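For reference, the structure discussed in these notes is given below.
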Amino acid sequence: MASKLIAIVAGVGPGTGASVARKFAATYPVVLLARNPDNYESLAKEINQSGGKAIGISTDIADSGSVKNAIDTIKKEFGSGVGAAAAIFNANSRFARKPFLELTEGDFTDSLDVSAKGGFLFSQAAIPLLLNGVEQKSEHPPTLIFTGATASVRGSALMASFAPGKFALRALSQSLAREFGPKGVHVAHVIIDGVIDIPRTKEWLKDAGPEAKLSPDGIANDYWYLHTQPRTNFSWEIDLRPAVEKW
Amino acid sequence: MASKLIAIVAGVGPGTGASVARKFAATYPVVLLARNPDNYESLAKEINQSGGKAIGISTDIADSGSVKNAIDTIKKEFGSGVGAAAAIFNANSRFARKPFLELTEGDFTDSLDVSAKGGFLFSQAAIPLLLNGVEQKSEHPPTLIFTGATASVRGSALMASFAPGKFALRALSQSLAREFGPKGVHVAHVIIDGVIDIPRTKEWLKDAGPEAKLSPDGIANDYWYLHTQPRTNFSWEIDLRPAVEKW
Amino acid sequence: MASKLIAIVAGVGPGTGASVARKFAATYPVVLLARNPDNYESLAKEINQSGGKAIGISTDIADSGSVKNAIDTIKKEFGSGVGAAAAIFNANSRFARKPFLELTEGDFTDSLDVSAKGGFLFSQAAIPLLLNGVEQKSEHPPTLIFTGATASVRGSALMASFAPGKFALRALSQSLAREFGPKGVHVAHVIIDGVIDIPRTKEWLKDAGPEAKLSPDGIANDYWYLHTQPRTNFSWEIDLRPAVEKW
Amino acid sequence: MASKLIAIVAGVGPGTGASVARKFAATYPVVLLARNPDNYESLAKEINQSGGKAIGISTDIADSGSVKNAIDTIKKEFGSGVGAAAAIFNANSRFARKPFLELTEGDFTDSLDVSAKGGFLFSQAAIPLLLNGVEQKSEHPPTLIFTGATASVRGSALMASFAPGKFALRALSQSLAREFGPKGVHVAHVIIDGVIDIPRTKEWLKDAGPEAKLSPDGIANDYWYLHTQPRTNFSWEIDLRPAVEKW
């Protein structure tokens, strides 16, 4: 793997984040960001042992100091002029599904902090590196991908603590797509409309068959595909759901 | 004015907020919320002198303590079981139209704080009073109206500090409409798509003719109309723009 | 009723069309269009006997010759320079809710013919009269309103014969709003999201309570309200649904 | 090429259709449909000479007899139980960009006939073959792709003859995605938002640089990618535009 350009994945956990990191690690050194090192340590080891390169940095994506520290660490590791080929924002807050009047202020602001403010801080940190990637003539247009959800486009009852942050992130991604597309950075937003097949959801939808949940590796393929689209053919938004999903 | 039910307007200034307050003051005692008393004092006086009833409460809508204080003041003034016929969220943050990489963290979070967190805090404070209004058999279904903007549905370039908060507020309003409609509260979201004719915009669009800006009194009429819709015919969302607007 | 301007309602039946016609007949002479005279005869009589003025014209809205004949009849009755204050397109085809592969070509084209081609023919016939209304300085901006449905914004399973026509009509209305707003004609689209309370739906939703269906008179009020919006504050689109509706 | 499953492309011309046909011809025998044989003859020859297999059938996609004839020809050529791996609807009518009141009835209905009725007839013809493909265990889920445009989601001024057909086609595709996804057929809709780089547009956007137009081969790659998505991860809709596009 000769690439000097890196990929950064924010929100690495046992599901989409890990699959995306593995996929991009086949081509780029990857930086894994998560608050809890438990979420990236074994993954980083796995990638490093299988011939790739990965570093993990404990990062609170909603804290500007913590995000700045992550960027400093990246520059120390990869050089101050390092370029990024891809930056993936996959962070999610915990999700309080409650009647609106039972929500605490923290239930609401946690989601906003991670999805909206976290998206903002990550983008401000990543875009200069992606613009470096443009200058350094990356093979594929440097790509900034945001993971969205059904709640990115639909405010359902009992979703008042979750949908606002997801709508906000979608707005951010659209604004960035319009501002940075002409500068050569591909900004995309992916609406994940369904349950992702991860350890935590193992018991869900068992009656609906083996294909009722989204495959994290499939999502990673889709992200990689977005990354490979040429400058003439950028997608801003795609949706993803299992064939059997009711929607 | 015999109504025991009140109307609450958050974000009273020289434009939409004042027009909405005057309109609802013809039927209900009105509570005017703004951070700066300059924004409601003369309006409250005007309403009180012309036969209505208004009180102003200095409130930082993004601060839970301040919002709680406003509700305490309302209950002291109108009784602890007071019902609301209408609550209008018209608060807006300052708006930083800048290239994304020049935005400060405060530019971004100010908008989120006011539009998203402010909308949340206001809704949690107002909905119990609106539910009281349902119980007290208000003439028109108690109504919670949110002021949106073009940026509620479109993330444009250079709008990355403003659109996320507005998208978030729209998500909130949709979630609340779905949760509280069946409980008798009418939740609506209004997309203001154009320049509002207020002192600050006096010099704008002068060449486009006298009808190129939205009339704040017209907006107030639309809000009142939404308020009068019966339970069989609720609108969640309407857009509003001048006839000559390009969109 | 001194108005020289008329209102035209296409798609008069026992529900929304009749309510809208009665509402507008309080201010304007009304022209009632329906394929089957049974659908307007007693209504025209009712309006004429209660001090209004109404004429019915048997019209196949999807047939250009028939629409032309309707306009000729209108001009003979009201003068060749007659202006219109309002034109409401409320026509609906029969609706075949079937698995896609069981749809006949006619199932599909009937909906397209009425909703899309009918909307086109009606608009081409009505807009010149609405522009006359602008010139003749109508009190309210001349208004062209289209009745939409849930299927105007959502293509559900088993709705493949109905949603395409409704989407097409919405596209038409948006194109016309953008073209004719600046010329003073208010074009609006109303998404009716729920069951309308008409004789045919009498047995529907009986368990959901007396307010589970949209009131046709309520819809008529909403249409009238849209008609009265001033040029500074046009709505293009509103949605309407019962408070208890799940959406 | 050992596949017994075929791909069908409706609307083969010098641009997207030809690129898509070439792309799918690398894996499947392809059937090329166009009204005018000039649009497919040289392409079919090119594919057949380079080791693929292609047949062209002169087809008026808006005429049910002509579409039936195409299917009969396909069955004669490939067997009555032939399965399809992919069916791409890329037909477009001529496009009359005129003030609304200058549109002829034909300007309007041509677009509807091709986009809406044509989409319907093609889908009814292709879906049974795609369902055969499911039964015959195609490597990738059989895929039905519709080519959309900016006008699929936006009714602009002067687009009243074009947007309704495109909105209708989008509605159809969404209804079909919801009905046939659970049956294993992947239905997708692609919003092409920009100018495609074809001979006819050679002189367009010359000042905007070599990447200001969508590449037809790039679109073909995107269609192929959609085709390869597994049943756990279907996209219904993606948008595509050049990086430099203003939107």
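Worth a mention:
All chains are identified by letter, namely A, B, C and D, in their written order; residue positions are counted from 1 within each chain.
By our rule, contacts are C-beta pairs under 8 Å (C-beta built on N, C-alpha and C of every residue); 3 or more make two chains touch, one makes a residue touch a chain.
Bear in mind the structure is a predicted one, so any value in this text is a computation, not a measurement.
If you take chain A and chain D together, no chain is in touch with both. Centroid to centroid, with C-alpha atoms defining each point, chain B and chain D lie 46 Å apart.
Separating the centre of chain A from that of chain B, both taken as means of CA atoms, is a distance of 34 Å.
Touching two or more other chains at once are residues 178 of chain C.
In terms of inter-chain touching, the protein chains here make up one closed cycle, each touching precisely two others.
Residues of chain C touching chain B in their complex: 141, 178, 181-182, 184, 186, 197, 211, 213-215, 218-219, 221-222, 225, 229-247.
Chain contact summary for the complex, chain B toward chain A: residues 64, 99-101, 103, 105, 108-109, 112, 116-117, 119-121, 123-124, 127-128, 151, 154-160, 163-180.
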